[in-house]
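Let me begin by handing over the structure; questions about it come next.
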Amino acid sequence: MTLTGVEVVKHNNSKDCWVIVHGRAYDVTDFLPEHPGGPKIILKYAGKDATEEFEPIHPPDTLEKYLDKSKHLGPVDMTTVITEKTEESPDEKERQRRIAEMPLLEQCYNLLDFEAVARRVMKKGAWGYYSSAADDEITLRENHAAFHRIWFRPKILVDVEKVNFSTTMLGTKVDAPFYVTATALGKLGHVEGEVVLTRAARKHNVIQMIPTLASCSFDEIIDAAEGDQVQWLQLYVNKDRAITQRIVEHAEKRGCKGLFITVDAPQLGRREKDMRSKFMDPGSNVQNGQQTDNSQGAARAISSFIDPGLSWADISWFRSITKMPIMLKGVQRVEDVLKAIEAGVQGVVLSNHGGRQLDFARSGIEVLAETMPVLRELGLEDKIEIYIDGGIRRATDIIKALCLGAKGVGIGRPFLYAMSAYGFDGVDRAMQLLKDEMEMNMRLIGATSVGELNQSLVDTRSLFNHSSTPADNLAYAVYDPLVNPAQRAGMAAEMKGKAKL
Amino acid sequence: MTLTGVEVVKHNNSKDCWVIVHGRAYDVTDFLPEHPGGPKIILKYAGKDATEEFEPIHPPDTLEKYLDKSKHLGPVDMTTVITEKTEESPDEKERQRRIAEMPLLEQCYNLLDFEAVARRVMKKGAWGYYSSAADDEITLRENHAAFHRIWFRPKILVDVEKVNFSTTMLGTKVDAPFYVTATALGKLGHVEGEVVLTRAARKHNVIQMIPTLASCSFDEIIDAAEGDQVQWLQLYVNKDRAITQRIVEHAEKRGCKGLFITVDAPQLGRREKDMRSKFMDPGSNVQNGQQTDNSQGAARAISSFIDPGLSWADISWFRSITKMPIMLKGVQRVEDVLKAIEAGVQGVVLSNHGGRQLDFARSGIEVLAETMPVLRELGLEDKIEIYIDGGIRRATDIIKALCLGAKGVGIGRPFLYAMSAYGFDGVDRAMQLLKDEMEMNMRLIGATSVGELNQSLVDTRSLFNHSSTPADNLAYAVYDPLVNPAQRAGMAAEMKGKAKL
Amino acid sequence: MTLTGVEVVKHNNSKDCWVIVHGRAYDVTDFLPEHPGGPKIILKYAGKDATEEFEPIHPPDTLEKYLDKSKHLGPVDMTTVITEKTEESPDEKERQRRIAEMPLLEQCYNLLDFEAVARRVMKKGAWGYYSSAADDEITLRENHAAFHRIWFRPKILVDVEKVNFSTTMLGTKVDAPFYVTATALGKLGHVEGEVVLTRAARKHNVIQMIPTLASCSFDEIIDAAEGDQVQWLQLYVNKDRAITQRIVEHAEKRGCKGLFITVDAPQLGRREKDMRSKFMDPGSNVQNGQQTDNSQGAARAISSFIDPGLSWADISWFRSITKMPIMLKGVQRVEDVLKAIEAGVQGVVLSNHGGRQLDFARSGIEVLAETMPVLRELGLEDKIEIYIDGGIRRATDIIKALCLGAKGVGIGRPFLYAMSAYGFDGVDRAMQLLKDEMEMNMRLIGATSVGELNQSLVDTRSLFNHSSTPADNLAYAVYDPLVNPAQRAGMAAEMKGKAKL
Amino acid sequence: MTLTGVEVVKHNNSKDCWVIVHGRAYDVTDFLPEHPGGPKIILKYAGKDATEEFEPIHPPDTLEKYLDKSKHLGPVDMTTVITEKTEESPDEKERQRRIAEMPLLEQCYNLLDFEAVARRVMKKGAWGYYSSAADDEITLRENHAAFHRIWFRPKILVDVEKVNFSTTMLGTKVDAPFYVTATALGKLGHVEGEVVLTRAARKHNVIQMIPTLASCSFDEIIDAAEGDQVQWLQLYVNKDRAITQRIVEHAEKRGCKGLFITVDAPQLGRREKDMRSKFMDPGSNVQNGQQTDNSQGAARAISSFIDPGLSWADISWFRSITKMPIMLKGVQRVEDVLKAIEAGVQGVVLSNHGGRQLDFARSGIEVLAETMPVLRELGLEDKIEIYIDGGIRRATDIIKALCLGAKGVGIGRPFLYAMSAYGFDGVDRAMQLLKDEMEMNMRLIGATSVGELNQSLVDTRSLFNHSSTPADNLAYAVYDPLVNPAQRAGMAAEMKGKAKL
């Protein structure tokens, strides 16, 4: 039996709450208190069609999985559902104007250009989710800046007519030493979500790492792959290990060639930029100081299942349930690289989660520079594969990582931004630009293959020097610089110090 | 006998000066020259009600204590006192507008947010007093910046389901490794003054240090405590040791559990921002160069009793008059930490008085990093408890201090700002935010208790590097940068270099 | 037979394309796909006079050399050619206004002043070509900044009445320790091109290095020399070694006294500023994502002949075909200086091609400071002559290089800018200013001849410290700094963070 | 016989040029080509009264000394001289407005405040002369900034009730460890010139060093001293040693107690800010490129007599002609301090001439930190007195210098600025502020006398670190930062990059 909009709209409050998603009605009354994003956001759509809000932040099988079948009320005759004509906000109008005037794809010459365009054309909340990071975002910026403290010592008069920057990662031959790392909620940036990245990775023969928190379902992303295209799985470990086991086994069955266990996120980070961008003023009738539902952004909402109890003891269990190579993603000190070797994993990703977790965590490239001399000292440098991610924007960054001993690098946000701005064509061009830069810069550094990249080609003496930290914006904003004595007439004006309070 | 306003107003000059405070009249004629804040500020209220000005910067028992009983003229019938309708200044109107539009408490996501709001809604003079510091305020900013030269080396795969950041301070069990340090003149920020902090400290089970220069009386602050709530006493030592002895004995009797003797302030600092914000133009009939009363800000006015002769020799006397643990607040080099151990005190606070005393004093965190290796070398690390204060705004700052060996940290201005902006609710939320950050960041660094925080978790190699100092604002403001040759037509305009003189 | 404009204009499309250059018609139909700058730019002039566009970026013998004689159609009666009255663009009008108001030559007090004037008066594309550099232009700026990390240790009470800063370079006596290094496309800056530099070099008795990619022909530049004026040849090595041999032998015959083989450019760099300044919007009827011809700037267009296969093995061949001293231009690490000595060349230029090739290549001055101690250690410091170029703007920069062991320095862009702004007079004054600065600063450092300049006169301890890198403009532009909570009324406005998207 | 204006005005050209100074006419026709400031500036006043222009930059005895008596034409009846009513320029009107509104003296809380006021109220040319420095003014700013890389390690619990910062300099007891160092052309700042400084030095019992290039005559400055006030002589050594001998012997006779021979200025520096501020556009009828008289600012004009041949060999001669202690002013490396000891002088001033000579000379404080350990190593630390000057603005700067081993510090520009803004009262207050800061900061660092200041009280580890240099303003101004792709509509606008060309 098909429901009508008139029927659904009666269930429009917290005691009796139905919502429509993709043309089907669901009774979510009992689920309200458990909703990781809080009940408030659902109640906004009580008795209405919630598809548009639901879509980007829930994989399509969410309701199947998490809502008891008895609450599935069946199809709704959507012609009977009154669509609220939402007045386009001034912000949205402005955004549409920016989209109309966005630069041609050909005007993007580097990865940061895509970020600049994405910043203009993405919805505020989506931009806030992608771009935000932990606390003062010091680590976010350090990830990129750290590469700027490494300089080249290029060789000349090397025959570089043919340069080849292909390599292998966990046994897979790839055309360039980067992979698409896992990032959550792809549909916030593009209506098709992560499968866009799948197609681009295919075209450029690089590996995609599939995120646990994708907007597309895992199988959709696997299905989007073609031929012998290789994919890896990024894994947040569930408190319920049975669920985790199902996911891992399923991934292996579907052909995933690597299991990247996230180890830097026992709890997902607090990102104030994201929180601030989502804050909604409840209106003037709210008393100051009264408790209001304070959304903590998309990240916290979708991650409550992650197990903070994950520990080294679990690694052997993983080895027992899968034959996929096991990688630890988010290792942050050489001691833990040694432990990883001992634990028998195939490799590590030196990463701080794109600066989204612990502020003042060091960059992957710095941890790499700390790690490799120790491994070489101990004769362990070939025991595992080491990757890094975070802050990579140029082929020179990749080359620096390879010179220091990385097998390859993961790139996340830049591809998301390219996708958000220009879809598949954007990601395609972003990857092509990176390859063009790789070819050029391999030549200029005097190396014809990745095997020739070594530490004598870089000067890292300043890498560990943190005497200049990124701007501390919040602290700066509240500091009134000292001023000289004001002119007598102009005193009132000048005394204010910085202009606007 | 009750006086009338008509009677009081006759005594309105420097030869015969009465003022009304809290409904009682006082003859302050003889006291004028002795007033630490200068006679001028009193004469402004000669013959009038001075309560509003008097209130925030004098403890309620001030007149009892410092004005001879014979000058207490008794109650005034306040219905007979003409209240001058003070025209609201444009500055004050603007401030009231800002207060009306201030952000909701829920929009404050970190300690600096409270400072941003306080800056907008506090009175200029109060903001000037709280926020100012010594000379060019280099140390003020360094206190915060120093933490930014310390980076984390987090551990992964530690079971952090349960994290516990409670600790003990001088034997008291507290729920978080911070305490409310002593700051003067709480009523400048909030009408109730320091007792607001007492209540918040109670709610969060952290210790409050009671300032000598509180706006509330010592007993009011003690009385505001509940149950077994622990408080400490911060002490400026009086030239008259008998007064000091009375204060110490009284504090011990009232239950104070620690005596923090301020040792970095033989004279209270000169704070130019505060001075400048208080300067009043005496009008155009004053000759250039003629001496005018030049207020040096609230700090100097209230501190003339402090004894610059205090020395190591006094410490044994303190030990003789109290059983409270004795702490030295304001130690600034490892040599003096060693002396403190020798002198038999229970601990030290490595502090530079919030940057308000000696500019270019180093941050507490840097002195800590200098101190602990020496103590460990000498086997003295357990002989005393070491605290730091200054510049702490994030849980990561606290964790860094604990990793380096501090028992805990003092936080002052942030709680004052939270109180000034939102009262008790503000301080409550500020403390809760710190606790939330503590929990999150303990997890992310891979430590389940404060005992697990150690120096291997931080990289301090850049901490002692001062090659980048904070902006030197006064010097920058007077420097004309070199300019390129001007266009001929536009020459006059461009030649000026920086715009406004 | 003389052609008419009416005749030529018929051949105005990609299937049949004639163009007029310097009053003669050419059939370039078959050449279109081979044109290094792409066919599009030629088609713009199909059937028309292309002289103005052709002139600055092609040496006059280009058509002779590269277009088969059969395509030379002979003279055109230019009175029959309709000159399109090109509407002056607003940009060009603005530029003409700036030219009219440009500063007097006498207002230029240093080399950077010429750059400031050139920036205002040059055409956008020409400025883009001269001023651009690789990737984020970090090395471009580092070249100049590196000198700022070297400080002087001047001697006093030296009789400096007479100071003499003449020296010899490859056996030639010169009046100052700098030479005019090779830079491409001089006619972009001045209608006469490189011969302007020849005349100024003559006047000041310094050496000019003739660029392979000059706008003037090699012989024109040689012919412009007077008397015993010495010139060197900069060489891009052609894939066709026979061409290279002809060039080298011709240069030697014409009297060149040094052969500087460029070794840092197996492929000419990608310069995004140049590319962006040349991008032309094809109009609104182009679909987003559709491939368009994307000019990569002048550099890539004119350099396709360069051989990326050039290697150390080629050096002996060069020695076999010429008696000129052989120099390697673009050496970037001490190991390669040692190899150069082994290969028997007369010297090296420590250079990164003005920052136009590999970003994060180190400055010449830093490589010099790395190199000389090693050479001295090995007793090789007199085996070759070492020059540097890049970033030199002041005599103090030259003196620093000489103190560290350089025989002399090459200066490129500054003379181009002086020429672009003021022609010969500009270059003359630029050289005179440098000499004035040399005299002054030799005195102030306490040296009467270049022989007295040594490493004890400089403090280079900070030279290798790269903890502060130049601003990372693209990354900065896309970063939204964190903001404090907005006022409630003003929330929408403030939330935007940085103003313009 | 008294001349009339009518008579004088006839001699108004370069072939026949009379000028009036202080009511007397002079024939300067033959002198024109020799005038150190160039003939042009004199010709502006040919036939007219030049007193106002002449006054501040020539000592009163100039015409006596340098113009042959035969050219002294005698008194002029000034009532017959037509005063040109010079239209007040818009710049001057603006300046007068600023003077009318200048802050009260009491609003100046530190030395930089005087500089801020002076910058507003001084004439452009005078400000340009005082404030300018060599080349890019890197050393000018480094002089101040270097102090910011030194941090304190204060002692606590020292009885500082009485602090005494008096000391002795070359045997003279002074009330504070600073002296007024020599600076030229005092009348540019104040109509009375250097005697204002004499009076202030007297009041505060500090020493004044009398400049060779004073606006007042030497004897006027000596005569302005009172009682046993001590003065020193700063000496530029003349090419004609007989003149120098006369000056030295006269100074000794008049009671000078120290001879400070300037050794860092064999030639006076080129100061582009000064030159630019003096440049006058000769009008549009001047051809571009045509040579025009290009004033090099006041410094060059007045210093042509200085002997660049001065050398160590001259020192013994000085010792033979005077009993005054001989000091070398401008020593810049430890090797030369050792030479100075060997040469038997009484002391040195580590100085770079206020950054006005060699750019990238190191600060005096850095040279001091280099020098003292060597002297102590060699047991020479008591053989001479060491002073520094340059960049001192705070008592903390003075204390740092004393901790590092300086006997005292020279302060120049700050007193000039105080004088220029407020005359004697300004200098008086500036000195008093320094003394107040001295007392306060001696207390806060825990020292009761200058003898207790030692190197354990400072941390200088970062002093030699020059990784962060001051802003390079000229280079910055000409650099176009890379920009992201422009919106299509807004392309033209954004493509411009930095706004104004």
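Each chain carries a letter (A, B, C and D) given by its place in the written order, and its residues are counted from 1.
To be clear about the criterion, contacts are C-beta pairs under 8 Å (C-beta built on N, C-alpha and C of every residue); 3 or more make two chains touch, one makes a residue touch a chain.
Chain labels with UniProt names: A, B, C, D = L-lactate dehydrogenase (cytochrome).
Just so it is clear, the structure is predicted and the values come from calculations on it, not from any experiment.
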Shared interface numbering between subunit C and subunit A [over half = same, under half = different]: different
Identity of the chain that, by mean CA position, is farthest from subunit C: B
Computed distance of Cα centres, subunit C from subunit B, in Å: 58
Subunit C and subunit D: spacing of chain centres that average the CA atoms, whole Å: 41
Residues of subunit D engaged with two or more neighbouring chains: 98, 104, 107, 109, 112-113, 116, 120, 136, 272, 276, 281, 465-468, 474, 477-478, 484-485, 488, 491
Complex interface listing, subunit A residues touching subunit C: 90-91, 98, 102, 104-107, 109-110, 112-113, 115-116, 119-120, 124, 131, 136-137, 141, 144-145, 148-161, 272-273, 276-277, 281, 284, 393-394, 396, 400, 422-423, 425, 436-437, 440-441, 443-445, 456, 459, 461-462, 465-468, 471, 473-474, 477-478
Contact footprint of subunit A on subunit C as seen in their complex: 135-136, 138, 263-264, 266-267, 269-270, 272, 275-276, 279, 281-282, 286, 288-289, 291-292, 294, 307-312, 314-315, 328, 330-333, 335-336, 339, 357-362, 464-469, 472, 474-475, 477-485, 488, 491-492, 495, 501
In the complex with subunit B, residue positions of subunit C that touch it: 98, 101-104, 107-109, 112-113, 116-117, 120, 467-468, 484-491
